[in-house]
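Just below sit the structures, each encoded as structure tokens.
Presented sequentially are two complexes of chain A, the first with chain B as partner and the second with chain C.
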Partner chain A sequence: MRIESDIILGKVKRLVSDGKADRVFAWKKGNFCYDTEPSLFTDNYVGFTYDDFCAANLCKFMINESKKDGKTLVLIKPCDSKGLALLEKEHRINRERIYALGVPCAGKIDMDKIRENGVKGVIGIEEEKENVSCNGDENLIIKTLYGDKIIPKKSVLYDKCLSCTDKEHVGCDEVFMPELSEDTYDGKKFEGVKKIENMPSDERFSFWRSQLSKCIRCNACRNVCPVCSCVKCIFDNDNSGIASKANSDDFEENLYHIIRAFHVCGRCVDCGECSRVCPEKIPLHLLNRKYIKDIKELYGYEKEPALLTFTKSDAEPSVIYERGEKNV
Partner chain B sequence: MNRIGVFVCHCGSNIAAAVDVKQVAEALGREQNVVFSAEYQYMCSENGQKLIKNAVKENALTGIVVCSCSPRMHEATFRKTASEAGINPYMVEIANIREQCSWVHKDITAATSKAIILGRAAIAKVRFNEPLTVGESGVTKRALVIGGGIAGIQTALDIADAGYKVDIVEKKPTIGGKMAQLDKTFPTLDCAACILTPKMVEAARHENIKLYTYSEVEEVKGYVGNFSVKIRKKARYVRENLCSGCGACALKCPSRNSGNEFNTGLDKRGAIYIPFAQAIPNIPVIDAEHCIKFRTGKCGLCQMNCAAQAIDFSQKDEIIEEKYGAIVAATGFDIINLDKFGEYGYKTYPDVVTSLEFERIMNAAGPTKGHLERPSDGRQPKTLVFVQCVGSRDTSGRGKEYCSKICCMYTAKHAMLTREKYPDTDVYVFYIDVRAPGKNFDEFYRRAAEQYGVHYIKGMVGKIYDDGNGNLMVRGSDIIANEQLTIKADMVILAAAAKPDDSARSLGTMLTASMDTNDFFTEAHPKLRPVESPTAGVFLSGFCQGPKDIPETVAQAGAAAVKVIGLLSKDRLKSNPCVARSDSLICSGCSNCEKVCPFGAITYADARVNDGTGMETRRVAVVNEAVCHGCGACAAACPSGAMDLMGFTSKQIFAEVDAVCR
Partner chain C sequence: MQINEKDKSNRPNENPVPSDENFTPLIVAFCCNWCSYAGADLAGSGRLSYPAEVKIIRVPCSCRVNPTFILRAFQKGADGVILAGCHPGDCHYSTGNYFTRRRMTLLFSMLDYMGIEKERTRVEWISAAEGAKFASTMNEFAEKINSLGKCRRLGDLRCV
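And now, the complex of A and B:
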């Protein structure tokens, strides 16, 4: 069964009229069907939507929303819920002023992938009626100005949805129709990391150099990241001396992205937003996912922040050198 | 405006032999903000310090860089000099051009340029130094001694005699430690129990000493002068206030399956037991693992037979919280596990025993009542072979690289005692070297070899095997005669390497006291501060610091006590101003710093903050400066750079790195 935006809106309205919240943070339709954007609804719900293009993670907006009086209802997809939980754990949000409504997710669609298929003038998306298996293998009917096109759903899902292993919400006040969530995982979460690990070191270096050189320092990755929530980012703090250091290097993006990866290391919730929002299509999530993989392998932690936790069974630094040697 | 003075020390030839100190002084004199630069033979000397003081006055210096030895040696000296010259002592930076330069390099050109770079880094840092002020804190006049062996007992007695309260925490049911298990002591051959038990009694009766036996330290918080310690007093299942120590319970206990730890497992004890006759306190303990009542719910014979009604199966562990001004580690030693030394057949052949087991066999209170009987059949052995350095001075990676120090002497003792009591016994000792440097030690060893006719064979044993007829065959080499020899032995005694007790490592972590790779506690200075740990307020007594025999242990125990007394006699302590500080304007309140702080020095408070767009209330980190040790873990963990370490700010460190990389 398809997730209907109106059903979600109906639920939202009921919750607001029941006094659960004073305003709603959700997504709004844009000029085209595919350019939805995060939006705060205070008086009416004009433009409200929850559809295949609502990929943006809303949890970070709660930092400011929860400073306001009253309560904000926020729509949270399963992958967003981990970010919200982290923000709560790090005391970045006032959880009492948030009503987190978990909404189902069947994977979100990457417009760029549709375009790569040569499809233009998209005006809407429907699911093929015959195939409603709910396992993500169905086809989509892309409605365009030039007629319908049929495309397998998995071929146009965001990469972050294809590597999504979290179909269950955590820490939401209420989860609505979770049975509509679909498994979109392609079973290849760490393939990208493994590929880079297996590169010889100079090839790996030039891979990252070519990728990171594309960076235009728009800060979109930082701004969208639910983990990058410092009151004042170290790169914005003139006193830290870091910003000037990054600029003085002929390859400043290296420093920026590597420091950022270290700062979110052990905290990253792997929501994949950094890569999704990057206008230069830098696979930033691979840096974070490498840390996730290493932490899992070396320390066995998945939930605890690895860099803040110590147990006697933790890997000794020498293990890392050994691994490094092997992978050179 | 920074006005920096640079002072390059020759340290006699320690630095000057490998570093061109004149060139260093000249080069650093050309650095920005440096208005004075000089070299001198011994900067730490009276004249050297005078040179610094004069330079401060004549050049109105604001910062000082001393290129000399490690700051651990003379940082305090030069801070004092600066203070006497009228500038803040924390405006001094040390460039270590001795340990980190002249001592490790031979090439004078390269070493000189490295010394210049190290000096530059210190200059770059001192530009950002800020005057810091020393705080003060009080002292709790009570000491904690962890470990109730001879080291702990002696330390506690000395502290208590000086009039301060001391608590001893001992994990075993009785104090006394390893010494209580020994038979005779070298080189005088007096009985260990005869000299130890009076001290045990004295410790128990002393009005200033409190014993926590069958107890373990569970948590240590705080800092020098103000430690807060949680002690777990394990359930004995016997009410100490009621028990008369009659021992009826132990006699009636039907369980006889537990190895008697005091006799190194050579005989069995009941599930309720008093470790040995002179145990202190003389109160039994129930080993719940072997107790029939605990295992099946039926029995309770001890309870029925206890006239004092002291048995209490429902007793629970108790947590005691106490405050201390000083802590002494006296956790002692144990012997290594010999599983990796298959060639000696320990555990395969019952008549291959360790020296500690042999002590019990020779002891009148031991499993054989002091008769030399071998474990397998109780026969009196006629040929004994002692093997030294079993796991000591071991480079194979199976044992310990160090010399356990005590084995040569106790082996000589065992050999001598055997020959004394049983002159018809042949005694052989395999050794690498006999090490007997100590008062009357070499004489003692020579007496064993010369007067008592012990056969000393220089060489190691390669294999111990059964010849098929139940005889132990010891195959070894005699490197002086240059031949292989095989001895048919009735019993073999292995001098297994001694190691720090297993509890030392976790205690070290709790105390944040540093340890070496062998789990020995590290002393603050190997020669000049041998009984202090680098962690302020933590002192070291006995084997836990390094291998020691009884006289050395007692001497060191007394020395540790003196250091504790010196600390407890003070009313106020100066605190280190190089502590962490949080910038509430930048702090996001994420709790990372709180999670990594090993000292619990960070808490959170709501602060009203104006971030430029308006006032708001934020949760921000607050450092308790008295508790902070200045380790800097929080500064490293803080993603936004809100947390910084005074005296080692990120800015200072970046400046140093930049100067090094320039």
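And now, the complex of A and C:
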């Protein structure tokens, strides 16, 4: 069933008139039907939308919103709720000034993937109501200036949606219509990491070199990350060596991404925003997910961030050499 | 700006060339003040030899070593980085080296994942009484780095 923007807006309006919140942080329609942007609504709800293109994670905006007087109502998707819970745990937000309304999510659509299918002039997207195939895979009807096109929904979802393992909201004040959430997990969360792990060392190096050399140090991955919430970041230091003007140096790209991945290691909520916002389409989630995989393999599941705790029987660092030999 | 052929051949993203006769590796050893640094001292007073290319940096605890230090050492031209600390359980500050152990396992695993030769990084536990172990570890590590040759995958062009 389709998630209707108007039903969500009706719910939001009810909550605001009930005095649960003073303002609303949600998504606003942009210039095109597939453009949405995070926006604060104070007086009216002009342009309010919640559709298949609202992929942005709003929880990081709450750092500033929760400094204001009164309460902010924020729409939270299942993957965003983990980020919000982490921000609360690390005392980055004042949770009392936030009303988190969980909204259902059936996967978000990546416009770039639609374009890759050769579709131009998109004016609207609808879900196919009839002909739902027996395995539950839905098709999208993409209305374009050149007529309608039908594309299977799973082929145009964001990568982060395909690796989303659960649609459960964590720590929201209220969850609205959770039954509309749809499972979008394709069962291949660590496939990308395993594929790289199985490459020979030279190939791994050239893979990452070709990916990271695209990095323009725009810091979008850092700025969007709900875990990267330090007030002063190591990379804001002019001497951090990641943004020298003499562009003669391959090292700083490696340094930037290794250190960024290490700083979120064990805390990463795997929301996949870093890869989504990357203007150069670097698969940054593969770095974070490598850490997630290592932590799971070496230390098992832990409630504490893995680097803030230890056990006396932890594996020795030499374990990676032994493991490497097995791979070869 | 014109790039001549020589500069191109020096680019660090090319595969490591086999070590030539003039190559002497640069090895950075982070040693904890309480165990490994004293172990190095003991190796010295015991007249055990270890390679002069090993440059020791004394740190209060192996846990003081931030991953940036290790990457920065490579950036500034190190060919191998070894981190030496007290044996787990013997840390002067009780638990420092347990944290080191986790951090470095994950960091070195990541470097390996990104295609940096994993033999260039190492963690060793060396107590103040193990001068012989210090010398033999450093000899072994220097030999390994020598056979790997110059580190070109994580180097800074400006320092070549």
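Quick note on the criterion: the second predicted complex is superposed on the first by the 300 of 328 C-alpha atoms of A that agree within 3 Å, B and C clash if a C-alpha of one lies under 4 Å from a C-alpha of the other, contacts with A are read in each partner's own complex, and residues count from 1 in each chain.
In the analysis below, a contact is a pair of C-beta atoms (placed from the backbone, for glycine too) under 8 Å apart; a residue touches a chain by one contact, two chains touch by 3 or more.
In this text the structure is predicted, and so the values were computed from the model without any measurement.
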Quick check for you: in the superposed arrangement, does A:K67 touch first (chain B), second (chain C), both or neither? first
Return first, second, both or neither, reflecting whether A:K281 touches chain B, chain C, both chains, or no partner chain. neither
First, second, both or neither for A:C230, with chain B first and chain C second: first
Touching partner for A:S201 - first (chain B), second (chain C), both, neither: second
On the A-aligned overlay, A:E90 touches which partner chain: chain B = first, chain C = second, or both, or neither? first
In this superposition, which partner touches a larger number of chain A residues, chain B or chain C? C
Quick one: is A:K13 in contact with chain B, with chain C, with both, or with neither? Answer first, second, both or neither. neither
Check whether A:L307 is in contact with chain B, with chain C, with both or with neither, and answer first, second, both or neither. both
Please work out whether A:R209 is in contact with chain B alone, chain C alone, both, or neither, and reply first, second, both or neither. second
Going by the contact rule set out at the top, does A:R115 touch chain B (first), chain C (second), both, or neither? neither
Dual-contact residues of chain A (chain B, chain C) 234, 241, 307
For the chain A and chain C complex, residues of the former touching the latter: 196-197, 201-209, 213, 234, 241, 246, 248-251, 254-255, 258-259, 261-262, 265, 287, 290-291, 294-295, 298-299, 306-307, 310-312, 314-321, 324
Can you tell me which positions in chain A touch chain B when the two form their complex? 67, 89-92, 229-234, 237, 239-242, 245, 263, 305, 307-309
Touching chain A in the complex, chain C uses residues 11-13, 15, 67-68, 71-72, 74-75, 88-89, 95, 98-99, 101-119, 122-123, 153-158
Chain B - residues contacting chain A, complex: 585-592, 595-596, 604, 611, 616, 618-619, 637, 639-642, 650-651, 654
